[in-house]
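Okay, so here's the structure we're looking at.
The letters A, B, C and D name the chains in turn, as written, and every chain counts its residues from 1.
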Amino acid sequence: MAIVSFKSLISNYDAIFLDSYGVVKNSSGIIKGAKESIQRIRDLNIPFRILTNDASRSPVEHAKRYREQGLPDIHANEVITSGMMASFYMQGKIAGGKVAYIGTEQSARYIVDANLEPIPISQVKESNFHEISAMVFLDDEGFDWNTDINSTVNFLRKVNIPVLVANSDLIYPIGGGKVSIATGGIANAIETILGRRFIHYGKPDVQMFMYAYRQITKTGLIPMNKILMVGDTLKTDILGGNKFGVQTALVLSGNTQIERYESQIASTGVIPDYICYSIAD
Amino acid sequence: MAIVSFKSLISNYDAIFLDSYGVVKNSSGIIKGAKESIQRIRDLNIPFRILTNDASRSPVEHAKRYREQGLPDIHANEVITSGMMASFYMQGKIAGGKVAYIGTEQSARYIVDANLEPIPISQVKESNFHEISAMVFLDDEGFDWNTDINSTVNFLRKVNIPVLVANSDLIYPIGGGKVSIATGGIANAIETILGRRFIHYGKPDVQMFMYAYRQITKTGLIPMNKILMVGDTLKTDILGGNKFGVQTALVLSGNTQIERYESQIASTGVIPDYICYSIAD
Amino acid sequence: MAIVSFKSLISNYDAIFLDSYGVVKNSSGIIKGAKESIQRIRDLNIPFRILTNDASRSPVEHAKRYREQGLPDIHANEVITSGMMASFYMQGKIAGGKVAYIGTEQSARYIVDANLEPIPISQVKESNFHEISAMVFLDDEGFDWNTDINSTVNFLRKVNIPVLVANSDLIYPIGGGKVSIATGGIANAIETILGRRFIHYGKPDVQMFMYAYRQITKTGLIPMNKILMVGDTLKTDILGGNKFGVQTALVLSGNTQIERYESQIASTGVIPDYICYSIAD
Amino acid sequence: MAIVSFKSLISNYDAIFLDSYGVVKNSSGIIKGAKESIQRIRDLNIPFRILTNDASRSPVEHAKRYREQGLPDIHANEVITSGMMASFYMQGKIAGGKVAYIGTEQSARYIVDANLEPIPISQVKESNFHEISAMVFLDDEGFDWNTDINSTVNFLRKVNIPVLVANSDLIYPIGGGKVSIATGGIANAIETILGRRFIHYGKPDVQMFMYAYRQITKTGLIPMNKILMVGDTLKTDILGGNKFGVQTALVLSGNTQIERYESQIASTGVIPDYICYSIAD
């Protein structure tokens, strides 16, 4: 597949969805030229949304962080996180009680947003097992891996409650070619050990696409093939966009490298409609 | 979990989604009492939809079959199939060309509905590989398993096109306690052999729920917790409903037996909000 | 890793194990030069064995086929098949009764060798379920896929007996760049559907290595690092040899192509001690 | 399946293999009556071996621990560990260099036994990547999970070396109905993240059985069906014994509970020849 200019694609679409990490920003900050491309989308009055599997922060905190990094105009309601999807689930389905979590105190905000009381896994003891009505994996930081992952296994062996994973990614890049295990990687290990599957949120599942779609179509119908999803990861961004039925563009500014994109498309069978160097190109 | 009466639940909801096989019908025909329960839902003016992973027939054919079996009032637009989801995908994403399929000629209707030309896998040869722009698994009947499954493996090893699975179920019941391998079981075997994953449609993925939701909410907003999904299978109906965020009721008139439901809920971690004997109860 | 000459390696070893397909023969017959290399091994009085996952024929039939194809000197006791391992299991563990099988009548020989009575899956009915004490997957030919694979699923859902897979390979090459699904691919699909694992024989499991080792060491001890396993497939031949602890040489005359061996070694993590073009080189 | 007396089985066999944890000992110490049963096996001059997936200690340390717990007569050469199998592999296949490990300093003994130099993962840095010729997972203790598991992922993404798992168990019991994640559970999580499989040692793989078999048959041949493997876990002890071809007895004094053994045998398809309460019975 030939590489095309992202800027030349923009005006063909009535709405654009962007992944965050690897598309808008990376470990060094905002990707050079991304600010100008986003401004161009705005100037053309094309609605856009940032869809991120990062559940460690709220949309407000994401917007604040963009501002600090030099992208001043992102509004909180333009950011859609997998944590929001988990939060909606809890709001609709968990009647009350405490929700145990793996993650930072900051990430537990998604539990509070669902009008439920968060309790870190370190405070879950056999004596209060009965008070816990759900568990959610939010972040890979904020707890002791050895103690708290073992506690989680023992807790979930004993109780039968809904378990949510607010971010299914196994790893995330931390700069310098290195990665960290994400909360989805921890959840996946526990699922294998317990022999059961939790409820996962985030791309490639289509809930975030659906949520974004409903927001942007409030004022009128947009055909699916007039929406473009832009991402750097075949198995989440592009697969999710393909499943949802919108057009997809793979950018080579993040997880997928220029030397490998053709063999990765062939081996995964996940085929984007376009390949671009980056959204700045 | 205690077993409750389905009829007593109905009036608490503003919309009801029903699985078909194991809920409305089984291998002997329409489940005794299902007709009366559906009539009661209608009498209360509660919108309902039947969500089925059966992509071997179109909604019109499903409605006709219900009529023949003694359920005369189901309209085609009350039936939502996983085949429709695959068809929407093809319509939006496949620009032209032929679509190879595994299934009956009847099931290939979903390709025609997407304004594309179906070609059975038996007619796919190296000489026409280049004309094929997608492949879809529609039904487990209508082809020779030995020849055509091997042909599919060899075809997909050579080309790089989107592959859709219109029904992810591995098996389906055929009466007398027996099952048949479904098109999803055949697709799954080929995915393992090729080491890649196709694009799957059907419960527990939430597309059908989203489609049904958008239909019933055209005339006004319905909160998620005022919608009830009713199904006989934890891993498709109940997991899908839970992910989508609606209330869920497991019925014991199909795949899940009364002696086993508690251990299956515990081992899968998929927890319905209610358990009922059947929709007739 | 650099490519070295196989012939230059031979004299460093006290015993040599060879895979058959892709190493000694391919779809066109005996690989050019293989006969001379095997003769050289014999001339140096180095004991060797052919270890094959092909359970469709007995060692006697394999030797006969080699003769017909122009390799006259292979003795039946130099050929070790995964079918033999399954046969030993049945001999030791199945006290009596009939053994149901998927495969050709020829392959059922392995059941007769275990002093048990074979019955093809097509003759297994609910009325004789109780007579069957084990089931074995032997070959991908000799039965009707649609009818008999579905029968197998329904049979195994009802009974609780040992199930053996005499060849775990998912596919095998049939020439012209094409493959056929092997009996292991069929077994794997059924395992996924039933949610349980059968007892698998064949490389990379170490039973065949152990059997070969015991044969060649009858007349004296050979250190593990003086034995060389030669194969064309990383995940069976090389992984098995590595696990067993012998030296391993990957040849590029079969499944693994010269353009891909480095990336496949990197992605699988299965690392041979040597790479050679072929045993003729 | 009926439960039979273990003591009544002993005299039918010419050799007995015992799992350790759940069979000979548990979190409270030596299982009541185990000492007397082992004495009886000795009195009958039946050779026996203890086969354990616990690679955190050497056979000498295992024997010492048995002595401290009240089982004075176990000799180190009667204990066979999965760590020994990994050690043999390293001895035969790793020519030199350092071997990185996850585990305690005590467990690193298995690397020293292979005449190689151990280096804990915490001391592996990009500057010494090139000195490391293999990596081995030995124990779940002795390192910082958060830092060192992430370091392991980043290290293995960059190098292409053999990786061994000296114990494939996902969890192990720690008393009071609780479990801890074993080194195999940690390895498994990393394998999923990297998308590759390491070389695993321990039951159900047959290497330990083969090693034990060769030891006890040094002075004469013992037919496979005159050997009994006794274990408390279907998927390791019993599956391994069945694959190796010896008779198998499941005891209910460990992982498998009396209320569940029938459903677990049915769901796993792993069928022991006998069921006993314990080796004391």
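Note that a residue touches a chain if its C-beta (ideal position, glycine included) is under 8 Å from a C-beta of that chain, and two chains touch if they have at least 3 such contacts.
Note that the structure is predicted; figures quoted are calculated from it, not measured.
When the contact pairs of C-D are matched by residue number across A-B, A-D or B-C, over half of them reappear in A-B. With each centre defined as the average position of its C-alpha atoms, the distance from chain B to chain C rounds to 40 Å.
Averaged C-alpha coordinates give centres for chain A and chain B that are 27 Å from one another. Each chain gets one centre point, the mean of its Cα atoms, and the points for chain B and chain D are 45 Å apart.
Multi-chain contact residues, meaning those touching two or more other chains, do not occur anywhere in chain D. If the chains shown are joined wherever they touch, the resulting network closes on itself as one ring, and no chain has more or fewer than two partners. For chain C in complex with chain D, the residues that touch the partner chain are 88-89, 92-93, 160-163, 194-199, 205-207, 210, 223-225, 239, 242-247, 265-269, 271, 273. By the touch criterion given at the top, residues 144-146, 149-150, 153-154, 157, 170-171, 178-181, 185-186, 188-189, 192-193 of chain C touch chain B in their complex.
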